[in-house]
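Scroll down for the structure; my scribbles are underneath it.
When the chains are written out, they are named A, B, C and D in that same order, and each has its own residue count from 1.
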Amino acid sequence: MSIAIPKITLARRPVVTKILESRKDELLITGLGAPTWDVASVSDHQNNFYLWGGMGGAVSTGLGLALAKPERRVLVFTGDGEMLMGLGSLATVAVQKPKNFAVIVLDNERYGETGMQKTATASGVDLSLVARGVGFHIARTIWTEDELSEAINEIYSAHGPVFYDVKVQPSDDPMVLPEKDGLTLKHRFQEELLGRKNYKV
Amino acid sequence: MNDLDWHWADDVHQHFRHFGIAQVSYVPDGGLAKLIQLCNSDETIRSVALTTEEEGVAQIAGAWLGGQRGVFLTQSGGVGNCVNMLSMVAECRIPFFAMVSMRGQWAETIPWQIPMGQATAAALEASGVIVHTAWSPQEVPEMVAACMELAFEGGRAVAVVVSQRITATGERG
Amino acid sequence: MVESVSWSDKVFSVLCEAEVKQVAYVPDAGHQRLIKLCIDYNEIKHVPLTSEQEGIALLGGAWLGGERGALLMQSSGVGNVINMLSVPNECRFPLLMIVTMRGEWAEFNPWQIPMGQAVETTLKAMGVIVLRAAEECLISETVSSASKLAFEGGRMVAVLISQRALGQKDWNK
Amino acid sequence: MLFRRDAVHKILEKRENSAVVTGIGNASHDVASAGDHPLNMYLFGVMGGAVMTAFGVALAQPERRVVVITGDGEVLAGIGSLATVGVERPSNLSIIVLDNQVYGATGGQLTHTAAGVDLVGIARASGIVNSVLIKDQKGLERALPEVYEKPGPYLAVVEVSPQSAPRVDVPKDGTFTARRFRSAINQEIKDHG
C-alpha cells in the first residue's frame, strides 16, 4: 500500500499522564507489561487493578467489571500486543454495549517486554478499524497531541463502549513496578469499591 | 567458565537447517529471542509472528499437510493457550516439534507467572506431547536434534522445554 | 429434549439462588437450554464469547466489581482457558465453570477425544477443583456444591457434566 | 438468500487442483456433500484453527490455491489469525466464511455477527484488503473467479440462510484424512517428514 502513514510523535508516559489528569473515581484495569508501569508511574491508586499475567484478558476483565458496576466508568489501558492476543474480546464488548467502558491501547507497534519485536499493527493491522468493524460507538486512532486532547473528554464521558488506539513511540521508559501480589491487588480494589462487608472470601 | 555463558541458539539453528525446517511460527519472546532472530534472517525459513500461540499449532500442522516441516516456538504461558489446538496434532498424529521457554519455574520474581509455569509440562503431556527439559545450555542442541528426529521420523508430537535457568531474563514481565 | 430440560432448569435455579449475575458462554448444544433460560431472565447478564478464555477474565472483573458469575462451555473450550486461569489462581478469584463433556462416554467424533481426555489433568494442573456429575440426577446437586466451594470457599471449581449424564445421543444431528 | 450448500457446491465446481480446509461444524458436511476429495482436509475439532491450518498449507504450497471454507463462529474464535494472515499476505489463500449468524452445530444460538459484528470490516482492518460480502446469487457469480484468481489473501463472507442441510458421510479419522491430503498434495513425499 502506498498510503502515507503519519509519523508517530506521542510518547507513552506523557499520554497516560495527560489522560489520567482528568481521572476522578474511574476504575482502571491495566494490561501486562508497559501499560502497567505507565499507569503506576503517574500514581498508584486503590482502583488500579494491574494485570501481571493473563495476556489477552485485559479488555474482558474490564467488561466484567463494567457490567457489574454500571454506575462507575471503567478504563482499560493496554498494549497492542496484549490487545491482539485477545482481539475477539472487542467483538464481545461491542455486543454487550457497556456505556461506561473505554479501551485505550498504547500502540507502540512493538512487543516491548520481549525485545521490541514488531507487532501486527506495524504492518497495517488497524485496531481502531477492527473496533469499528465489531461495532464500537467511537473508535479512533490518535496520532497527535490535538487528537489526544479532543479524545480525553470522550474517554471520560462519551456513551460507550469507546476505543482509542493511541500511536506512541517505541521507548524504553524506566520501570515503575507497582504491587504485584494478586491477592493484595484484589483486596484493596474491592475494599474501596464494595466496602469490607460486601465482599467475601 | 559458567555453563550459562554459552548460548545454544546458533547450534539449534544449524540443526533446524539440517532437518530442513521451512516454517517457524512464534509469538515474540525474550528467552528464545536469539533463535527467533536467527530464523528471521535465514532465507530458507519462513518465520511467522503470531497474534496468539494457538495459531502457531494450526500453522505447523498445515505446514506438514503441505509437505513442509515446521517448528513452533513459545513461552510457557503460551502453552496454556494451545491445549485445545493440540488436539488436532493428536487426532491426526501430525509430526510436531515445539520449543518452550520457561517462566514461573526457576527464580521467578513475578507471582502471576508461577501457576502456568508449574502446569506447563502437565498440560503438554496431557495433550499427548512428549516433553524433554533442558537445564543447561549445553544440553539444548543435542536435545533439539534428538527430539526433531523423534517428531519428524518417529511421527510424534515433541517439545523441548528450555528451563528458566537458561533463559532467565531478570525482573521483566 | 425432555431429558435436558429438567437438569438445566434445576441448575438455573441453583445459579439464581447462588446470586450469579453474569453468565458467560460459548454456545454449546449441551448447554442450549440453560443458556436460553439465562437469556430470558433479566436479572442475569448473559455474555456470549468468541473464545472461552475471555470468560475467565470477564468473571475476574465481575468479581472485582462485586458480582458472581458462571462460565458455561464444552470440554474443548477448557483447552482454550488454561493460561488465563493463572489470573484467578494468582488472585484467588472464585470461579465457577460448568463444562459439558465430549470425548469420553460413547463419543462418535474422534477429534473430540484428545481434549476430552485432557480436561481433568489440565484443570487440576492449574489448581482448579474438579467435580464430576456422571448421572443426570446428580448435576444440579454437584453444581450447587461447586458454587459453594467457589463463592464461599473462594476457589476455582469446574463441574464436568459427563456425556453419559447428557444422554448418548448423536450430538451432531 | 443463498443456501449454504448451493453456494459451496457452486464455489467448488471451479476448484481444479485447489486444496480445501474446512472448519468444524456444518462446513465439513457442505464441502463433503459436493463429493469427497483427497485434497479436502476436514477439521472436526479445533474451533478457530481452520484459517491458520490452511495458511500453513499455503506457505508450503505456494503454487496451489488453498481455500478455507468455514463458518462465522469458527472464524470469530480465531479472529487474531486474520491479522496474522493480513501481515503475511499469502497470495494463494482464500477464506470463505459462511455466515448464517447462528452456531449451527450447537442449537442455533446467535453469533456476534447477528449483533452487528462486521467480519468484512474486521478482515479489511486486519490487512486483508480483498475482502467482500456476498449476499445473493449475482454476487456469488461475480465473486467466483476471484476466489481462485484474485491475489490473496482473499476473504469472502457469504450470507446464507440459517436453514441447515442434512449431514453426509464425511471421513472423520484425522490420521486418515491428514495423510490422504498430504500424499495427494505432494506425491513424492513419503509417510513421514
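Methods note: a residue touches a chain if its C-beta (ideal position, glycine included) is under 8 Å from a C-beta of that chain, and two chains touch if they have at least 3 such contacts.
Since the model is a prediction, treat every value here as computed from it, not as a measurement.
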Practice item. Report which interface contains more C-beta contacts, comparing A-B against B-D. Key: B-D
Review point. Any idea how many Å lie between the Cα centroids of chain A and chain D?
Key: 33
Point to revise | Inter-centroid spacing, chain D versus chain B (mean Cα positions, whole Å) | key: 28
Review point. What parts of chain B, by residue number, touch at least two of the other chains?
Key: 49, 51-52, 54, 77, 81, 84-85, 87-88, 91, 111-113, 116
Practice item. Check each residue of chain D and list the ones that touch at least two other chains. Key: 43-48, 76-80, 83-84, 87, 112, 174
Review point. Tell me, which residues of chain C touch at least two other chains?
Key: 48, 50-51, 53, 76-77, 83-84, 86-87, 90, 110-112, 114-115
Point to revise | Chain contact graph, described as a line, ring, star, complete graph or other shape | key: complete
Review point. Which residues of chain D touch chain C in the complex?
Key: 24, 43-48, 73, 76-79, 103, 105-107, 109-112, 167, 172-174
Review point. What does chain B use to touch chain D in their complex?
Key: 22-23, 46, 48-52, 54-70, 84-85, 87-88, 91-95, 152-155
Revision key, fill the gap. The chain D residues in contact with chain A across the complex are 76-77, 79-80, 83-84, 86-87, 112, 115-122, 124-127, 129
Review point. Residues of chain A touching chain C in their complex?
Key: 27, 29, 49, 51-69, 86, 88-89, 91-92, 95-96, 182-183, 185-186, 189-190, 193-194, 198-201
Study note, to complete from the structure: chain D partner, complex, touching residues on chain C are 26-29, 32, 35, 48, 50-51, 74, 76-77, 109-112, 114-115, 172-173
